[in-house]
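First, the structure itself, so that you have it in front of you.
Chain naming follows the written order as A, B and C, and within any one chain the residues start at number 1.
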């Protein structure tokens, strides 16, 4: 139906634009890989240490590198007043928001899918043992980052100091989701399944995603139009 | 109220727009009949762009009601039938002319976006650069593409913010002919302008906004064509 | 009228605070395990409660602003958040001092202290956002949306850090022995909650007045530019 097709058109255009120049994805990926490599070099962590910090390291890297992608999300609509052209079109703010979330999610997952094998190599972690669960946790955590980041990209699009404001607003808000993703990823990286004591983190992630998706979809029209 | 509102292209009733405690628009009452062409005049900062943006559904008024083509300005079915041309061209630099038009065609629910896009590229003289990136276009080419974007979904109402400003001759000619044709087809037009000559030629009605208030509203007369500055002299100062 | 209210609240708050200070420092004996430092709880805990109450009121006023578009609600939300951030800072600083005396370190990832730190970061972001927007209506609208997001997050943050601390137990700042304080020690706490709430209210009223004047000046400037 038209509603869905419009969302996909918006997501498709964002992806097409990004894949043509690859500027943001390259910057994001380079940043992530450099941090991973530098960290390994600087701390040379033992296998024991790596087991404890794998989740934290990966998700901090994703959060920092992801900010570059998320900032660009609504910023790419600024030249030539394209944002006005979009808002004037027969699409709702929610469609615009979801379309961009979809595109950002794909880009972030792509960056993450490249980072994880690199991480596996340089830190000697066998990450494929729980790949099913890992994918689920990555998807949930990345969606949380996407929803919050895209929302605040819309909120800060017209402000000066936009590049500074976005991380300041996003990171504190992400803390519960990051905690959940970190706990689960650390467990999964050791090869263990998420046991009963980790169910609470899974539920936290799912709850976080649902609550903020609803809140975002509900409030984005106010942010974009008034 | 609803019945008569449905007959008008635009129905603005007691619109106020605030920036904090400062009223940028003060109690604007305005109707535009279907098929009319309204030239919206006023100094910079008078409120023309603010009013146009509200009609286009780009911002919300603080007080008052507005009906466009009989419905609320943010109504999707309404927006499908409005074409908006703002100060900037509203097309993406990194996409080609064809990709841009196809994208907006999809958003506006056009039946065959690709065919319609190609048609409009031909009508605006951009057929031979359809796969060129907008980034490489000259100014005139970009403006013509912007015009194509505005018209491609067959809008019943056109909202144009200073459309003749900074256009080259070819683009002005294209736009004028398209607007005349649109008028002939019974479409409604609201355009804000500083270019009195070009706008008044097309206009059937004239409105002047001064410091947020509607200072003059009436049909376009021959007198206005002969002496465009008359309006500003008589109604432009506070 | 508003000014008289401010004076009234400040006066009552000052009296109450003075009486509480007297009780806390002069009347109460030292606590069994912690010595004299435990008195800090009488400021540490009420500050937290006042701060969180403030953030809740801010969310409510933000929602009311978005519904009514009355800028006075925006003034309240901004004022209350600012005061909330100050009281959160009081909580953090007193917590830090307390931790230093008890545990010997300047910071401890006690569950409640950690949650309060996150709250402080969230609402410091809100204040920064407000600074970055000049136009009053846009400022009100965007910060209202942020305030709603922030408070929903506050609830999630407090719950999740609690869970984290049950899984990874760590230092706890408290003097509750098995769930309660010794009789006679508890009431000054609640009186101080009231005192702090009154101080907060007078600060909020003051700040609201400031916001209103600021809007007036902004409008006058726009009038001047329009001439």
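The rule is simple: a contact is a pair of C-beta atoms (placed from the backbone, for glycine too) under 8 Å apart; a residue touches a chain by one contact, two chains touch by 3 or more.
Just so you know, these numbers come straight off a predicted model, no measurement behind them.
Student: Counting only chain pairs that touch, give me the topology of the graph as line, ring, star, complete or other.
Tutor: Shape = complete; every chain linked to every other.
Student: Tally the contacting C-beta pairs at the B-C interface and at the A-B interface, and name the larger one.
Tutor: Looking at contacts between chains, A-B has the larger number.
Student: What chain is most central when centres are computed from CA atoms?
Tutor: Smallest offset from the overall C-alpha mean is found for A.
Student: Suppose chain centres are the mean of their C-alpha atoms. Which chain sits farthest from chain A?
Tutor: B
Student: For chain A and chain C, let me know how many angstrom lie between their CA-based centres, rounded off.
Tutor: Whole-Å distance between the two chain centres: 31.
Student: What's the distance between the Cα centroids of chain B and chain C, rounded to whole Å?
Tutor: Averaging C-alpha atoms per chain gives centres 49 Å apart.
Student: For chain A and chain B, let me know how many angstrom lie between their CA-based centres, rounded off.
Tutor: Those two chain centres are 38 Å apart.
Student: Of all the residues in chain C, which ones touch at least 2 other chains?
Tutor: If we look for residues of chain C contacting two or more partner chains, we find 137.
Student: Two or more other chains touching the same residue: where does that happen in chain A?
Tutor: If we look for residues of chain A contacting two or more partner chains, we find 226.
Student: Give the list of chain B residues in touch with chain C in this complex.
Tutor: Within the complex, chain B contacts chain C at residues 18-22, 24, 45, 62, 211-212.
Student: For chain B, which residues are in contact with chain A within the complex?
Tutor: Result: residues 56-60, 74, 76-77, 79-80, 82, 84, 86-95, 99, 103-104, 106-109, 149 of chain B touch chain A.
Student: Would you mind writing out the residues of chain A in touch with chain B in their complex?
Tutor: Those residues of chain A that touch chain B are 2, 5-6, 9-10, 13, 16-17, 20-21, 79-82, 84-92, 225-226.
Student: Contact residues on chain C for chain A in the complex?
Tutor: 66, 118, 121-122, 125, 128-129, 132-133, 137-138, 141-142, 145-146, 148-150, 152-153, 156-157, 159-161, 163-164, 167
Student: State the interface residues of chain A toward chain C in the complex, per the touch definition above.
Tutor: Listed in rising order, the residues of chain A that touch chain C are 151, 155-156, 158-161, 165, 168-169, 171-173, 175-176, 179-180, 183, 197, 200-201, 204, 207-208, 211-212, 215, 219, 222-223, 226.
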